[in-house]
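Below you'll find the structure, written out as structure tokens, and then a few comments.
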Amino acid sequence: MTEDVVALRRRFHEWPELGFLEFRTAATVASTLEGLGYGLATGAAAMAAEARMGVPEPAAIEAAAAAAEREGAEPRWLDRMRGGMTAVVAELEGRRPGPAVGFRFDLDALPVRESEDDSHRPAALGFASRRPGLMHACGHDGHAAIGLALAARLADREFDGRVELIFQPAEEGLRGAAAVASSGALDGLDRIFCLHLGLGLPTGAVHGATEGLLASTKRRAVFAGRAAHAGMAPEEGANALLAAAQAVVGLHALPQYAGPGARLNVGRLRAGEAANVVPPSAELLLETRAPTATAEGALGEAARRTMAGAAAGLGVTVEIEAVGGAPEGVCDPGPAELVRSAAGEVPGLAPAAGPHLDSGSEDASWLLERVRENGGDGTYVAFGCSSPGGHHSPEFDLDEAALPLAVELLERLARTPAR
Amino acid sequence: MTEDVVALRRRFHEWPELGFLEFRTAATVASTLEGLGYGLATGAAAMAAEARMGVPEPAAIEAAAAAAEREGAEPRWLDRMRGGMTAVVAELEGRRPGPAVGFRFDLDALPVRESEDDSHRPAALGFASRRPGLMHACGHDGHAAIGLALAARLADREFDGRVELIFQPAEEGLRGAAAVASSGALDGLDRIFCLHLGLGLPTGAVHGATEGLLASTKRRAVFAGRAAHAGMAPEEGANALLAAAQAVVGLHALPQYAGPGARLNVGRLRAGEAANVVPPSAELLLETRAPTATAEGALGEAARRTMAGAAAGLGVTVEIEAVGGAPEGVCDPGPAELVRSAAGEVPGLAPAAGPHLDSGSEDASWLLERVRENGGDGTYVAFGCSSPGGHHSPEFDLDEAALPLAVELLERLARTPAR
Amino acid sequence: MTEDVVALRRRFHEWPELGFLEFRTAATVASTLEGLGYGLATGAAAMAAEARMGVPEPAAIEAAAAAAEREGAEPRWLDRMRGGMTAVVAELEGRRPGPAVGFRFDLDALPVRESEDDSHRPAALGFASRRPGLMHACGHDGHAAIGLALAARLADREFDGRVELIFQPAEEGLRGAAAVASSGALDGLDRIFCLHLGLGLPTGAVHGATEGLLASTKRRAVFAGRAAHAGMAPEEGANALLAAAQAVVGLHALPQYAGPGARLNVGRLRAGEAANVVPPSAELLLETRAPTATAEGALGEAARRTMAGAAAGLGVTVEIEAVGGAPEGVCDPGPAELVRSAAGEVPGLAPAAGPHLDSGSEDASWLLERVRENGGDGTYVAFGCSSPGGHHSPEFDLDEAALPLAVELLERLARTPAR
Amino acid sequence: MTEDVVALRRRFHEWPELGFLEFRTAATVASTLEGLGYGLATGAAAMAAEARMGVPEPAAIEAAAAAAEREGAEPRWLDRMRGGMTAVVAELEGRRPGPAVGFRFDLDALPVRESEDDSHRPAALGFASRRPGLMHACGHDGHAAIGLALAARLADREFDGRVELIFQPAEEGLRGAAAVASSGALDGLDRIFCLHLGLGLPTGAVHGATEGLLASTKRRAVFAGRAAHAGMAPEEGANALLAAAQAVVGLHALPQYAGPGARLNVGRLRAGEAANVVPPSAELLLETRAPTATAEGALGEAARRTMAGAAAGLGVTVEIEAVGGAPEGVCDPGPAELVRSAAGEVPGLAPAAGPHLDSGSEDASWLLERVRENGGDGTYVAFGCSSPGGHHSPEFDLDEAALPLAVELLERLARTPAR
């Protein structure tokens, strides 16, 4: 089993795919689960198309599907995932009645160029990314491998109730979970566990819950003006670059007035082409964060007004579109205590008493919220996994010793409920 | 006559009054003209109350009227000018039929503290301002004196047609002429001459016309937010000072995009009180200028959008009010040529061939526009008058030798038409 | 005794004085303490002149001293306090050896116009401020009264060691304590207690310590440019208003990059006069705050660079001056426990277990820091005192029942050490 | 001859090359001129390497040279032009003594994708650009052709004095002429004519001089900060995008204070990558313009201070580099009159009395300035050439009927001096 989960992780690591483009990964997951006897929901049964955010251009989606097919992915899965519908939700009934318990795993990689240094284990051992510029730099390769290894363990159906394994696309950028939640695929669950490797914790450390995950929205704003010769007739132009710059400056004043812990970042700006032309267009990417979705929503609305105001003064228009987002993460004490208790029984794990504190953002929040709305509960498990580099860095790596420990923990949680 | 116009000027100089507060000055004018046999329009007959801009607070108006009364102004005039209706329009029929010709004189002074230096002639000769902080620093004392001296000359009615003498309040800040124009008091005129002393020209120089006077609007913007403790709860505040600052920064980008010659200035800003309070209020004064009222209007509209946009982002409101304004100055060639011709006949005057160039602004533009709309014509005469200090400076003074020359010129123009 | 401390408080309340202008108050304090047998340090012996911040103009200082003299203050004290050196430090040796313990009281009032409403007790009972526009709206009148009542109690010298009573000027704006600390007047102290009434706590509540008081600096920045006619020659001007506005906009981006809990506020801005003049000057007041003096210092330095940068681009100069400031407040557990213990023995007081949380700022921090640097310790005591209005509001009032309770507590602390 | 100049132009049109990369074009020019008997200066003899601005990366230079070689350019010329030294200056002595007269032609094309529409003559007739994304969209193909046709005419040496033909690289972006001027290649000239086709004038119109060409500098500014996680630790970052945005906002206030006719444009901005990372870098391109190099220099210096100031406040550094520039264009009356006179003798040309007004910028200004400094004179000739599209547009085209007319005019000017 240890070899299996490690081998699986390495295979996923070699073939990273960006969000909504995880055709090869998702097809592998689907084939494996089908072979194990699980019932599968894919495509629109597993995710609501219109609830996705930041979906790539159609051409990019088609290219990714075509590449997956060339690489051997089964066309019948690709058909079902057409248009970037790459979620897979698998379920299996236990031999005895009992609660329905879900486990979430995410599938997507990042636009990071992986380290080729000899000190980087994937490079040294030959399982580094085969797609230049893409990398599993956040551990989702490990998550997917854990999910399949868990599926294999549970194929004996020796548990009470029902198990649901949710393989979610596009966690990066907070783009995919809302679509999975909206599909209704989770609606029968009594409980959900969302586990994440790493988070700065060493192998062995486990927190049953996580606190502090901020609500966040990512937005793209496109400013459209009018080009003109900058020397001869600036008055014929409408300066979109300047409008965007004024917006950026105004936006950065907002966090202080949005309550403790609020954050705003304009991470990217592209505007204009030539020195002597009044720039007719600008595009910026920004994110807002706050401890609650309400506070984050108010900050986002202030950001919208700020951008619209800057544009208006210069005769420029602005279109703003959400390309990702999630509410704050909320964990329930019941499942958190179950994790702590189960971890205490796994040799090599040292469960912590309190929650892990993390001021990042996670779209698992959507899944937790949905299950809670339906009367269930859930938690976000921080599962230690030493790494020489931080999340999202070219040197990120997983301590593979953590993988079977995670499988072991989740298996206990799956078999626990009716004990 | 020379002594008369000089003595009149000095008396006006001693008792400067701000715009719409010229009770003493206007009462003197009205009494004198009445004594000379002119028919008078005052109050609502001479100016439309609602077309005034930047009217002082009622308390200031009452205080100024009370001071004028204490100083000997006739109550019957003050009654007619109640509420700051300080325009006086006087007319006299000549002995023969002919055209109706108007002459404009302005009455108001400035909030400038007059020089007490011995080198400043009004101080040395003892006719400096008796109202500390107020001063006739633009020459309107001379204009009013010229008007009365002209009235005396023409009292013989030895001219064709009809003469109208318009004594206008509140030229400073471009606040009064629109109200005079709107009243209809000028509507029978065939021609109007608006003369200004000085303008950087030495005594003797005369231009029959002026070119380049910019259309301009002065505005007050009041930003209203909400106070809060800056350390403990900034999120409970709405920062009006910051909104005003963002507006200021945005406004200064506009002139480059408003066509050649456009100008914008935020001349004054007041906001907040204490270092540790989120400032709940801010007030700014701004002016926009451009070669045409159309261009100026577009710039003003962009300015409005810029201020509204800055306010909106921070949850602040902004109220914007015009407190002054005038269209660009347009002079007609006919009357300009008449001026040149008449000036050529006055010893001591050297008329210039072309127009005077001036990129300031003047609310005489409203009067010229009104007469033109009614089928008449007019011009803005730049009449040289040497001064040791610039207009609006504490050292400004009139070369009194210019005053009788101006009377002489205007008299010729009044008697000219049907020659 | 109850009547005494209340009567004292009411007398101070009637005669509020601003920071460094507390001549009448300080002379009363000095006379009383001298009469009780205390040794006094005043003037340069009690505060370092050059370490004061935000000192008023000399004319204002002289006027305040003259008013105090007219009102009966003894000239010999006024002489010693010349120039605004209004601190009084009094000491008394106990009958037995023991530690030196200090107690701090502040003297200054605020530029707040006191409520004249019948519901406002000082107005109803006839002891409201006799100086229009000034008010003891923070409770320092109570502090000074408590200090004198305590002095009277301890005049029996029935305690171990030495007692030092520090009457400090100019706490508002964080301007006076640094000067007292720098004078060395506290340098022999083993312990110091700084008590503040109110802080949102009801009468009876007592916290032995306060946590969260932010380090803060208040600064005045004066931008100097060059005036010019805004229509005819803006290029001859240097726009100080615009530089200040750009600085304001830049400053508000800084808190997000200055660490958790950092704050910045530009509380006041004054610039320019007339709409048609390029504004030659601007003045702003700002404050920076952060959980540590180090973080606050870095934020202040970034603010300085931001203002200098904005000025430089427009050919404007900026002078920045600190007008107030204090480090973060740090309380020691030993004296906090002494307070809790002593409060437990006073009927009517209910000591709380933990510290009071307050994210304001206080210049008592300087005194605590100085004593700690000399090997001693100290604490900032939050002493409940119900009020119908918040601190600094026109309706602020002290529940006078709290005053004798505070005297009682401090007396116990003074007599405690060698028990 | 008509066919020759048209055929030459079409060949150049097919093979556009960007500034400092005109290897194929310059080698063709050099070979042709050598064949006609001209003495040639190339490489460092024709341009000072260090005076070039905005030189492409070495790899781009080498790639362009290699392409030219593949396409048949003679290696001996490419050798001399190594590193992007693509100027060619040719001279020929006349049979009689006389003055030295220069003619300037520019060689480079633009990064514009040429229209493929049937209505676009080069596309319809089959001589459109063979380099996708590059296009002779400003008429320099015509200029080079005119230069070679003129060279052929003058090969008879039937003129007085000496003729110098200057083929200059990199006029676009104002990058090449300063290097030619600095090389000294022009230092013996008594007179220089710089002709430009089009400029909005129809075929046949000729102005002997051009007025209003603005001094201009193009600059690249690179802001360098520090990346950080925008949610978890923004205080560890230094936000280069924000610094650039603040700079942009500040920069746009400067033109109003830089004198009449001043202009500033930030034409391009690139900053950051991901929404959740504090952006560590930003790059902007800006240009400043003014009627004189002095005014433009002052504006540029203010721009530098503005950018440095914005960077400093945020702990960001900025490096600013000039990538192009030229002084204002100044034409002398003598050569302008010669043009007018000569044009009057060419059937089909209609010389205008006054100068052409153009508020663009041109680096021919450097050449005119250099010749004038050496005691000579010169002019910039606006030579009408109808086009369906504006300069720099994909539809730009030359009315080829203008080409032989230009050759005819220049020939007369070359043969004129000692007539």
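Just so it is clear, A, B, C and D label the chains in written order, and each chain counts residues from 1 on its own.
Operating definition for what follows: contacts are C-beta pairs under 8 Å (C-beta built on N, C-alpha and C of every residue); 3 or more make two chains touch, one makes a residue touch a chain.
Note that the structure is predicted; figures quoted are calculated from it, not measured.
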Shared chain contacts [chain A and chain D, defined touch]: B, C
Pair exhibiting more inter-chain C-beta contacts, B-D or C-D: C-D
Remotest chain, chain C as reference, centres from CA atoms: D
Centre distance in Å when chain B and chain D are each reduced to the mean of their C-alpha atoms: 51
Inter-chain centre distance, chain C versus chain D - centres from mean C-alpha coordinates, in Å: 67
Multi-partner residues of chain A (at least 2 other chains): 234, 239, 242, 246, 249-250, 252-253, 256, 263
In the complex, chain D residues that touch chain A: 173, 214, 216, 218, 229-232, 234, 239, 241-242, 244-246, 248-249, 252, 263, 265-279, 282, 285-287, 289, 324, 358-361
Parts of chain D lying in touch with chain C, wherever the complex brings them together: 234-235, 237-239, 242, 246, 249-250, 253-254, 256-260, 302-303, 305-306, 308-315
Contact set on chain C toward chain A in their complex: 249-250, 252-253, 255-256, 263-264
